[in-house]
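One structure follows; several queries about it will come next.
Lettered A, B, C and D in written order, each chain numbered from 1.
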Amino acid sequence: MTYEVTVGEKVYRVELQRSDAGWKCRLDGREMPLDAVSGQDGVLSLLLGGKSYEIKLENAGAESSVVVGNQRFNASVRDPRSFRSRSRTGAAEQGIKKIKAPMPGKVVRLLAAIGSAVEEGQSVIVIEAMKMQNELKSPKSGVIRKISVQEGAAVDAGQTLAEVE
Amino acid sequence: MLSKVLIANRGEIAVRVIRACREMGIQSVAVFSEVDRAALHVSKADEAYPIGPAAARESYLNIARILEVARRAGADAIHPGYGFLSENAKFARACAEAGIKFIGPPASAMELMGSKTRARTAMQAAGVPMVPGSARGLTRAEAEIMAPKIGFPVMIKAAAGGGGKGMRMVRTAGELGPAFDTAQSEAMRSFNDGEIYLEKLIENPRHVEIQVLGDEHGNVVYLGERECSVQRRHQKVIEEAPSAIVDEDMRRRMGAVAVQAAKSAGYTNAGTVEFLVDAARNFYFLEMNTRLQVEHPVTELVTGLDLVHLQMRIASGEKLPFKQEDVRLRGHAIECRIYAEDPENNFFPSPGKITRLMQPSGPGVREDSGVYEGWTVPLDYDPMLSKLIVHAADRPAAIARMQRALGEYFVGGIKSNLPLFRRILEDPDFAAARIDTGFLDRLLSAKAPAVDANNGLAEIAAISAALFTATATTKNGQSTASARPSPDAAVSAWKNAGRSEGTGNQ
Amino acid sequence: MLSKVLIANRGEIAVRVIRACREMGIQSVAVFSEVDRAALHVSKADEAYPIGPAAARESYLNIARILEVARRAGADAIHPGYGFLSENAKFARACAEAGIKFIGPPASAMELMGSKTRARTAMQAAGVPMVPGSARGLTRAEAEIMAPKIGFPVMIKAAAGGGGKGMRMVRTAGELGPAFDTAQSEAMRSFNDGEIYLEKLIENPRHVEIQVLGDEHGNVVYLGERECSVQRRHQKVIEEAPSAIVDEDMRRRMGAVAVQAAKSAGYTNAGTVEFLVDAARNFYFLEMNTRLQVEHPVTELVTGLDLVHLQMRIASGEKLPFKQEDVRLRGHAIECRIYAEDPENNFFPSPGKITRLMQPSGPGVREDSGVYEGWTVPLDYDPMLSKLIVHAADRPAAIARMQRALGEYFVGGIKSNLPLFRRILEDPDFAAARIDTGFLDRLLSAKAPAVDANNGLAEIAAISAALFTATATTKNGQSTASARPSPDAAVSAWKNAGRSEGTGNQ
Amino acid sequence: MTYEVTVGEKVYRVELQRSDAGWKCRLDGREMPLDAVSGQDGVLSLLLGGKSYEIKLENAGAESSVVVGNQRFNASVRDPRSFRSRSRTGAAEQGIKKIKAPMPGKVVRLLAAIGSAVEEGQSVIVIEAMKMQNELKSPKSGVIRKISVQEGAAVDAGQTLAEVE
């Protein structure tokens, strides 16, 4: 099984093969003497050349992060078996960018109207959650093509609120 | 001694008070809103009653409802915790009228300290050092006249304010008007009280506060200071005791002032006098918090006292069991406030289900938590999950211990601000105790130290991500760790994965 | 300072030492047997290496293998923890020969104290008060002559003994012979050393021990006492500090004797001098343990010191950072040893998978654990899972706090001895500190207080059992809680159950 | 759904019905205003007349215990849907009693031979586990009919080692 894993900017090619002795693993072609066990779901103990790593899978909302020791890495795995992840990776490239709710909450203010021009980083929508008001900013300079919520509306994490082109 | 106490709060502080009740043989009564039925404080209490919908105004701030529950349950006292009704004098009076002991100061002291302007006047009269400013509320016009006299920069503050709400910094006369208006409307919204006053801005001050404790027989002591300069949006993030800049003499002087302030206000039970400290180590009265502080544990660890136990004993009429000279500080304590928010993404809050919770323990580690693995953190209340507190022989040892504990701490399913603390604790200025209320903003505005690509951890992360995927049950396209419970957890999850994969290849 | 330490142990003590390493910036190296690959100490360490099969003799007692790993990993010191090789002088010498620092006393001191008879002689010479008995090993014939002289009852003890092995009490001359033989064979089996000696039995003694600490520059201090009288089969079950019967004067006298004993043995690093205390509060030297004790945390909590940190600093050649007069005791600490054994069924051990682990926390609670939820406790090693330690202002407060903490503690999937502690802590004799080494046997021989049928808890248990069954996925006929992860944990497990039940009824 | 629950000596009849409002529960015919939620598998929060109970399911080996607050109750549920439990209850009545291994371990000594008479409480087999030797006693006075293990054998929890009649 081969996986394409993106950590930060870098892309790694990870080949995994299960053998009786345990996992056979190649990282970008390099043989890795991997010893992995999992005592709890989402938690790994990895031994690699004597070094011991405790690894946790964070999986908050849409994002997947892997915590190694006490360092957090955002990792996206392109798995031949999973189409979603591939298409998700694709989405980022298009001309239209979506403003999504990073957390569930309530829309308290719309700061831009459909058709109005916005700068990258300009606040477009204010969401309140956990007694805090959070400004959602435009991911790019462009024009607001769509706003799919109204003030006062309750929104879920990951819900698309507006589109900028 | 009290026999049954209702805790008019939720989260970690409710659990902390319930624990104290259990240790003292006092029955505990929890109250909960509709979204808190499965909250930790409900299952830990001896009794628990619903008090309404999620919105705090209709539940945790609902005085009538809470008193009704207290009467029905036969509680003889109410502990308000912090936040919610804890500094609400009306509530304290309502308790008194209902014949229920409010565990805190007299309503009169709460009212005095609740109004920053009245407090200023009273404290000035009591000879407490003050930041130059207006002793009373001002109109916008008055403010525009007074500000230049005091000299810019100035702070505009809501008399009823707290937690940074209704507070604005103004550097030039031009900014004053608009800032005054926004502060005033914010104050109206937050406290339903638009009174605004002016204060000279102390540049890069430290925030140092003194814990005081008074019984109902006229005895008041101070329990040393807490250093709370590491703040974000005027919210404390890390607190410690003692403060690196406070020596024995300064502690004695600040303590004397704090005790004087408390006595002049007729204060009883636990309270905190907050000071701003300037570069020359002059200290100025900021405000008095008429309740138990979030950060009280650092004081408990260095003094060896239990403030909540003492609150109960004081409320039941006991005299303070010790004198000022008996109070001794040992070692150094640090507290980190663990929030459900993402420091890597504008500190957006992150409510949701905690799918995995790994909590630190061992020597010198204390955790006051309000959550558990499997609990869904609601989006209706503030994002504090837990407080992690460490105690060690000195400040460097305490920092190292906190770093060790943070390394053991993991919250899965939602984002937490754990990475923020790692960054702060590694910062050389923090290590050298070169901190003031601007420290954290400066740190955050600086670019985060890039992870050393050569330490190989990124490679480990890549391999791990692949392993998690290989052993995952795919849920809506995103890989999560196997939900299959495995007979022998240590290995078989992997064996299974191997097999299913094998078939996949045929 | 040391740069890399190998921990030649497993379980909670390995984790505890690894934590100290991390806090001190020292690299930690774990070793593990085949059944311990998934153990907590392996994932917490910086490095980890396999050292052989489950059988301790082939792994954790395998000196050659451990030293080989230490060399390969480049460790400059080895911490032995307790048990296993910790009191093995040969191991200490082998470390020295391999140029690796053994974190503990010199081998010579270990050999002296390792032989109870040589220790007796040396301690007698040093003027340490001793229980009347034979200063050296005896044949069965010699024993039969000496016993009547000392006066029955007498104790038969293995010179190399420890943990109650090779120990027998003899009340009459008739019992002596057989007891001698079994003790001797047990001693041969356990320690491969059949030397046996005699001691007068002190009836109902207390077990009180003094913690000593010596650097490699001739400085030795004592850190107060620990009360360890609550024992079962000569195994400590609960320890506390300070002891209720030790006052300042007695502490000073016992401490002086302990320091004298340590100095006369050329002792360095952490050690413990155990005493028997009779009804008249006379104390007699019992033995010296040349290692860190299981119960060291109670001393850490009342002194504010970290013994493992200090062990490392001493081993790296530092002088003690404080003097005797700087040592102050604050408050009271109690430790419970949590074992995987069933107190309601002959204390049968209960290895297996921990399916649920709920651990206490909050004010004054410390846990030193070696396990985690999901870990399968192997049957190859002793059944200790964890140590729960509390600290409070005084003994009653500490007892109440421990009861609170035990109430929060839950181990699912295997049996634990948690119910035993609840019973001990509720016992009036324990509350009054009327304890001696016979206390627990007396308590256990008494019938357990029947659960009050009228407190309604049995009914709650019945309803709960039905609820668990109603929501269970039936596994081989026995009901377990639903393994289905539910989107909203708070309620939907129950909704689902409701539905499936509905269909079941149609 | 009706369950017959034995706690200690006492047998309770528990009727459970799921309603939109939550559980409807009758204990020995008495209506119980039950409010139950479960945040974790095997853990229950029960509110009954204002009293709050935290309940945990222990399930160690073959036994099922329910821990209420800090009191442990051995509970066996006779569930119409589960035949095992019914038959298990039956087994206890018969004339032949089995000596089972309470934990996995190693048989280190057999203290009685097939055909020999034993008293109730007399030690029959010694098993070693976790560095401790544990004597398994005869559940009744009678004759050893069967011994199904030899010294040195490894045994699992719940495995039948001998039978006494």
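Convention: a residue touches a chain if its C-beta (ideal position, glycine included) is under 8 Å from a C-beta of that chain, and two chains touch if they have at least 3 such contacts.
Everything quoted here is computed from the prediction, not taken from an experiment.
Student: Hopping along touching chains only, can you work out the least number of steps from subunit A to subunit D?
Tutor: Minimum number of steps from subunit A to subunit D: 2.
Student: Please tell me whether B-D or C-D has the greater number of C-beta pairs in contact.
Tutor: Spelling it out, more C-beta pairs touch across C-D than across the other pair.
Student: Tell me which chain's centre, taken as the mean of its C-alpha atoms, is farthest from subunit C.
Tutor: Looking at centroid distances, A is the chain farthest away.
Student: What is the distance, in whole Å, between the centres of subunit B and subunit D, each centre taken as the mean of its C-alpha atoms?
Tutor: Distance between chain centres: 46 Å.
Student: Just curious, how far off is subunit B from subunit A if you go by their C-alpha centres, in Å?
Tutor: Averaging C-alpha atoms per chain gives centres 30 Å apart.
Student: How far is the middle of subunit B from the middle of subunit C, if each middle is the mean of its Cα atoms, in Å?
Tutor: For subunit B versus subunit C, the centre distance works out to 37 Å.
Student: What parts of subunit D, by residue number, touch at least two of the other chains?
Tutor: Residues 37-41, 53 of subunit D touch two or more partner chains.
Student: Please set out, as single numbers or ranges, the residues of subunit C touching at least two other chains.
Tutor: Within subunit C, residues 37-38, 44, 358, 372, 374-375, 407, 483, 489-491 contact more than one other chain.
Student: For subunit C, which residues count as touching subunit D in their complex?
Tutor: Residues of subunit C touching subunit D: 340-342, 344-346, 348-352, 355-356, 358, 379-383, 406-407, 410-415, 418-419, 422, 451, 453, 457-471, 474, 476-483, 489-491, 493-495, 497-499, 501-502, 504-505.
Student: Please name which positions on subunit A make contact with subunit C in the complex.
Tutor: Subunit A reaches subunit C through residues 35, 37-40, 45, 47, 50-54.
Student: Would you tell me which residues of subunit B are touching subunit D in their complex?
Tutor: 30, 37-38, 42-49, 72-73, 372-375
Student: Using the touch rule from the top, collect the residues of subunit C that touch subunit B in their complex.
Tutor: 15-16, 19-20, 22-25, 37-38, 44, 297, 300, 304-306, 308-309, 330-331, 353, 358-359, 361-369, 372, 374-376, 392-393, 397, 400-401, 403-404, 407-408, 483, 485, 487-491
Student: In their complex, what parts of subunit D are in touch with subunit C?
Tutor: My answer: residues 1, 3, 5, 7-8, 10, 12, 14, 16, 18, 22-23, 25, 27, 32, 34, 36-44, 46, 48, 53, 55-62, 64, 66-73, 75-77, 79, 81-85, 88, 102-105, 129-132, 134-135, 157.
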